[in-house]
Amino acid sequence: AENLNFAYGYPSTSAIGLAVDDYAAAVKDRSNGEISVKGFAMSLLSLPETSPGVRDGLADVGFVLTPYYAAEYSTNLYLHEMNLLISLAQTPTGKEPLAFTGAMLEYTFNKCPECLAEFKAQNQVYTGGGVTPLYNLLCKDVKATTVEDLKGKRLRAGGAGFVRFAEHFGAQGVRLPTNEVYEALDQGILDCAMLSAPELTNYNLHEVVTDITLGVPGGAFAGVAAANVNADRWKAMSVDSREALLWGGSQMTASTTWNFYTDDAVAIQNSKDKGIKIHDPEPELTAAVQAFVKQDLKTVAALFRDTYGVARAEEIAADFPPLLEKWYGLVEGVDSKEQLQALYWDQVISKIDPATYAQ
Amino acid sequence: MRFLFEQPLNATILYVSAFYMVAIAFLPLGLVEEKNSHIAVELLVERFPGRVQKLLLICATLITAVVTAAVAVRTGQEALAKYATGAYSIEAGGKVITWPTYFVLPVGFGLMSVVSALKFVALATGKDSGLNSLNIEDPYLPKDTPNV
Amino acid sequence: MSELQIAGLFIGALFFLILMRIPIGVSLIAVSFGGLWSMFNWNIAWGSLGIVPYNFANSWVLSSIPAFLLMGFICYHTRLTQGLFSAAQVWLSGLPGGLAIASVFGCAGFAAVTGSSVACSAAMGKIAVPEMMRHRYSAELATGTVAAAGTIGALIPPSILMILYGIISRQSVSQLFLGGLVVGLMTLIAYILLILVRVKLNPELAPPVDIKATRSEKIRALGQTWPVLLIVIGVFAGLFGGAFTPTEAGAIGAMLSALVAALYGTLSFRALRMAIVETLTTTASLLIIAVGASLLTRFLALSGIGDALSSSILAFGMSPVLIMVGVVLVYLLLGMMLEPVGAMLLTLPIVLPLVDETGYSLLWFGVVLVKLLEIGMITPPMGMNVFVIKGVVGNMASLTTIFRGVFWFVVVDLLIIALLIAFPEIVLFLPNLYGM
């Protein structure tokens, strides 16, 4: 029997905490009770500590965010930067994050030896990913639905890409940790925060937000390795146990992404019920955002090639969009977490050979 | 702060947390040790006879030297690894190199270890450690003993 | 040996090392390392030393602590606070323990600016303690008052602990703030009553200040308070006017103090240098303890202490009140060793479902929890607020003296906790009035 500790830097009731519960059940079931997984919410490793913590064995499995370690995970991070493509979807259905997760999973496992090498160098084995819902503008006392509206506004920006977005539209990108957004909006330091809708609930932002503009700036957070396993632990396991962890990886990926996807719908409905005004962007703003995205994808490719050492940046930029298109088709009929898990397993993870993977 | 500068301070959080906070947390450790300002509980020890107190002090200094040396070595390994990968943070203007901030820890804990090792040698051999505490006289307080 | 027994053994070792006058931070690091090594293996123990210290200090929110320390040290070394205390002396001279009471009010004022009690004690420690000692207050009363009053910093909004609790338990932060405001003000009044009673019973604690001031002298004394008032008003106006966040308030306060001292004519290079050196050493001596405490939390998390906690809470019985008594005792025990954030992260996944079942509201529990965690800030052997005061007063008082000084404040705190459990409406009436 094996006992694995799973560290994740989120509350146990969050989308991720619930996904870890699913992971533990899936792994136990698949291994015929041989492997038990115990979740540690925030107490064992904080978000930035999770990657080195799994590396050194403080946890056996961890929910790793690659953007904390740009130098170590530059290629993985570049795949995450492809998330802007979501904003270019011809006929948006809301399921774009589900498709992006699949595309990223497939690309990482099958077409990105550099990505797997980056995890190997950190003594970790990648078994799954996950993607948040679309980013929106969560504003206080500000309606931002046109290009003109954005001028001079102060927008909370989680990363460098969002700062470029803000500056492109004549706004100011303010870097603030998510847990300071509440007070910053309340005090008028920020006009809007660029965050996904579930953060309205997670950080109680619905208490201060008055207006939401959906799908601007768009894009999603995809810099996630949702169930990285300590490589020493992995190598010491039987082939059957490894297969069970890969199965768990497909569950973790599906649960994380699905929980976020459903949280998104719930959070937006709750906001409506609380009297928060929900806006769609004017067509001219949507068009301007798409123009920015096209330009920014080029900027990002050049940055990663020249500054962050991703030699294949242009090649990846060319390979990725067709793969994403394929996944838009694959997720069309998906209506449940179970279907999503089956899809990720059948299409990608079942084809990984547990005997030879990550040796 | 934004009112003062009216500029997008994009990397402010990075500079404050990774550069300023890490430096201010660990660099002064040696100075703290030199001034005997590390926080410790005297409750029990101050009731012991002088010889026992001195013996305990020698032990405490040695333990401090060993523990902080271990932390210095381990954080030093981590810093070298960060140097080897060229750790950086992605900021709006490109990248900000962060690996030097990791070297603050081996330096800070290393200095604390060296100071306590010198103190240990001085205490064990009864010689002067050569450490001249940076005692800053406080002109503002009465010299007479407080009403304890 | 079971993992829990190993944990117990190493906690025992921790107490032993601390009592043998090993620096507290060093004791915590050594025990956590040894514990991880014996419970697991060398790699995990050795790895933790490389991971935790850097990531702990690499924090934006933490940066408010050295900033508030610097503000306190500048105010002290440039004598900006003298005027305030002369005024307090003149106006409160009839009141037993007038300066201690003025300090409690000062802490409550800072509490509204800063989100953590360490920052609050840091700002007030250097301002108030030396002034009280100059007026021959007992060291116990002087230091104990400020260490305890600092805890109001996390009760009166803003409060980092309540924001964190709100995120973990999905409770409304603004309602938690309202509940915290009530309990913070309750604590303020209770502390003042305590000081009045203690000094009345034992005037030695705070020798009466015998000043017969005329009305015009009293008014003139008020005029002397302008430097501190200017700083406090500046910080408040900026905070509520939306110019900066609570984390930035400390830095603004420090800059403003230096500016006001320049206006006041007491800003010298020497004063500034002393303030900076003391800020550096105090910050480092506090953070090495916080880093050690953070390491200890990982060790305890891996030892499976969580499950042991829930069974020991349930051992008190199944009635809601008995479960709450169990919860209170567990947090008092944990508060002796852990710092609040670690204790919260370690226990909430286990304690929240338990509390939910008792029928007490999670909103109410958030406020009670913060009060409990704040008691832990002043109980030995690990009492961060007490360490802060020790850090800022240097050789004027020993840790033992300060811990003795907070004793009666802890007793009063426990009475408040009992009241909150008996009458949950105390916490809930304001949030209910305002929300929903």
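For clarity, chains are labelled A, B and C in written order, and residue numbers in each chain start from 1.
Rule of thumb we're sticking to: contacts are C-beta pairs under 8 Å (C-beta built on N, C-alpha and C of every residue); 3 or more make two chains touch, one makes a residue touch a chain.
If you want to know which protein each chain is, UniProt gives these names: B = TRAP transporter small permease protein; C = TRAP transporter large permease protein.
Owing to the predicted nature of the structure, the values given are computational and were not obtained by experimental measurement.
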| item | value |
| --- | --- |
| Pair exhibiting more inter-chain C-beta contacts, B-C or A-C | B-C |
| Most distant chain from chain C, judged by the mean position of its C-alpha atoms | A |
| Intercentroid distance (Cα basis), chain C paired with chain A, Å | 37 |
| Separation of chain B from chain C, taking each centre as the mean of its C-alpha atoms, in whole Å | 22 |
| Residues of chain B touching at least two other chains | 2, 13, 78 |
| Of all residues in chain C, the ones touching two or more other chains | 46, 50-51, 58, 60, 243-244 |
| Sequence positions of chain A contacting 2 or more other chains | 52, 176-177, 189 |
| List of chain C residues in touch with chain A within their complex | 40-41, 43-44, 46-48, 50-52, 55, 58, 60-61, 158, 163-164, 166-168, 170-174, 239-247, 297-298, 301-302, 306, 342, 345-346, 349 |
| Interface residues, chain A side, partner chain C - complex | 5, 11-13, 40-46, 48-49, 52-53, 55-58, 176-177, 179-180, 182-184, 187-189, 201-204, 207 |
| Residue numbers on chain B that touch chain C, as the complex places them | 1-3, 13, 16-18, 20-22, 24-29, 31-32, 35, 37-46, 56-57, 59-60, 63-64, 67-68, 70-71, 74-75, 77-78, 101-102, 105, 108, 134, 136, 138, 140-142, 146-148 |
| Chain B residues within the chain A interface of the complex | 2, 8-14, 78, 82, 85-92, 94-95, 99 |
| Residues of chain C defined as touching chain B within the complex | 17-26, 29-30, 33, 46, 49-51, 53-54, 57-60, 62-63, 66, 76-77, 79, 130, 133-134, 136-140, 238, 243-244, 248, 251-252, 274, 277-278, 280-289, 291, 380-381, 387, 390-391, 394, 396-401, 403 |
